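Per-chain numbering from 1; labels A, B, C and D assigned in written order.
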Amino acid sequence: MKQFVEDSVEVRVRFSESDAMGVIWHGNYLKFFEDGREKLGEHFGMSYLDISKAGYVVPIVNVEVKYLAPVTFGQKIKVICHLVDAKAAKIIHEYEIWNLATNQISCKGRTEQVFLNQDTKSLQLNYPEFYEKWKKNLPWKQK
Amino acid sequence: MKQFVEDSVEVRVRFSESDAMGVIWHGNYLKFFEDGREKLGEHFGMSYLDISKAGYVVPIVNVEVKYLAPVTFGQKIKVICHLVDAKAAKIIHEYEIWNLATNQISCKGRTEQVFLNQDTKSLQLNYPEFYEKWKKNLPWKQK
Amino acid sequence: MKQFVEDSVEVRVRFSESDAMGVIWHGNYLKFFEDGREKLGEHFGMSYLDISKAGYVVPIVNVEVKYLAPVTFGQKIKVICHLVDAKAAKIIHEYEIWNLATNQISCKGRTEQVFLNQDTKSLQLNYPEFYEKWKKNLPWKQK
Amino acid sequence: MKQFVEDSVEVRVRFSESDAMGVIWHGNYLKFFEDGREKLGEHFGMSYLDISKAGYVVPIVNVEVKYLAPVTFGQKIKVICHLVDAKAAKIIHEYEIWNLATNQISCKGRTEQVFLNQDTKSLQLNYPEFYEKWKKNLPWKQK
């Protein structure tokens, strides 16, 4: 059983994001994950800029993506993003990308981020206080 | 015990590949994997164009990346790419990206590709003959 | 005196579109131009897909950009796009990108596209009939 | 009559840099210009990092590109880059991109950069001393 907070965002894929096979190049999905992550962060008041103001950076340390069906130029997608409750001092998101033109799931993904002190670049083994406090007030659901 | 074929390529990271944290944006590593994969493919005579001429496309269906240390603009990297022997009709590569400025490993990754018939887009459950034949003559090593 | 048709679209710039100077990398503005161009094309019923169905491709042959003020990650922009009436068989767009966080103009640009027959790749010296007809019914304004 | 300093670099275009028309997406040429500019800068001892250490940033303020012939995935290109002598306190480069597979010129371009003080972001109306000094010792040719 996992606790999560959900948000989503619709994205129009760009012509420049397609490749010579006529479909969205697989690496561009990491940009769509970013779109979902930022939308959720802004919605719940914890954007990259908020984290930066608090003195931290949160680099991605792990990415997993499963590609299930292609998206072609001109199609719109929906990025569903879950912030998943984690035991360790990590920010874990899970993603589903839906092709709104076909109503099919196109991709599933997962990213892990860690907290580094912005100045010293030292890894934080516990959640920074501002983040711990923020987490407590989120509208967690269970899956 | 895995069988593999190895190749590597040095890449100069671009200013445009850095992000506002001053390091190479994590999604760009998938381009470096591509650099390694294409180098190996060309070296051993099985480039994307060879696959295309044989009537197949080989989309990425799975990606895993572990980020171990950042790379900053102006640093050169080395992409070590292993084609790994697979039982199923898949093309599996494993990657290590080394930061040549620090002599540190920056990232480990893995991609899986499947064979689709170029016209019908149908998934091939066995290796196409041209690929099976090619695989037999590779200078496999063991790890 | 120029005739033009106007449309605009708001775009959220991505973290991955920023560079190590902390601002949006200059090359990414060509993607924002594309966002404006596609929005206008879709709005008035002449998208890339419509052009493709009619048997043509319309590659960019000329780009000009003046950068006036930077955009940083987290800021929203507005792309104002003008389709400008042209004598020759060209598609000409002019762009203004406004930084909605500062209410400043960030960039001005211009692109030229030509019509190629999709199969023969031959340059069309006159507008294709379908496009000529479409142009006639646009709500042209004067500037 | 213009004075210039020349350098060049060969670049392998990436699959991810192609678009759904099967050719390199026009915006990616700005990356190839960057490759040429950085190669020249490093060769003659004035890289972005050297400029940064001296306390300046040099944002692009103007770009012009003429596209003459497409490049497709798998082809190699050569970027010829000229640093052109300028009267005002600007860095001006001119570019030619040659398709080495066809021996045709693919694109011509030009970029302008200005000097900003890194801390105050104020525009420099004269060349900074370190740059003026560097310019004097370049092996200028005439065209």
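Just so it is clear, a contact is a pair of C-beta atoms (placed from the backbone, for glycine too) under 8 Å apart; a residue touches a chain by one contact, two chains touch by 3 or more.
The model shown is predicted, which means the values in this text are computed figures rather than measured ones.
S.K.: Matching over half of the contact pairs by residue number, can you pick out the copy of the B-D interface from B-C, A-B or A-C?
M.R.: More than half of its contact pairs match B-D, so it is A-C.
S.K.: Can you name the chain that lies farthest from subunit C, using the mean of each chain's Cα atoms as its centre?
M.R.: B
S.K.: Centroid of subunit A to centroid of subunit D, CA atoms only: how many Å?
M.R.: Taking the mean C-alpha position of each chain, the two centres sit 35 Å apart.
S.K.: Measuring centre to centre with CA averages, how many angstrom lie between subunit C and subunit D?
M.R.: Each chain reduced to its C-alpha mean, subunit C and subunit D end up 24 Å apart.
S.K.: Express in whole angstrom the distance between the two chain centres, defined as the mean CA positions of subunit A and subunit C.
M.R.: 30
S.K.: Which positions in subunit A are in touch with at least two other chains?
M.R.: 15-16, 23, 27, 30-31, 34, 73
S.K.: Chain adjacency by touch: line, ring, star, complete or other shape?
M.R.: Graph shape, chains as nodes and touching pairs as edges: complete.
S.K.: Quick check: in the complex, which residue numbers of subunit A touch subunit D?
M.R.: Result: residues 15-16, 18-20, 22-23, 25, 27, 72-73 of subunit A touch subunit D.
S.K.: Which residues of subunit D touch subunit C once you look at their complex with the stated criterion?
M.R.: Checking each residue of subunit D against subunit C gives 21, 23, 26-28, 30-31, 34, 57, 59-68, 70.
S.K.: Contact residues on subunit A for subunit C in the complex?
M.R.: Listed in rising order, the residues are 12, 14-16, 30-31, 34-35, 38, 47-49, 73-74.
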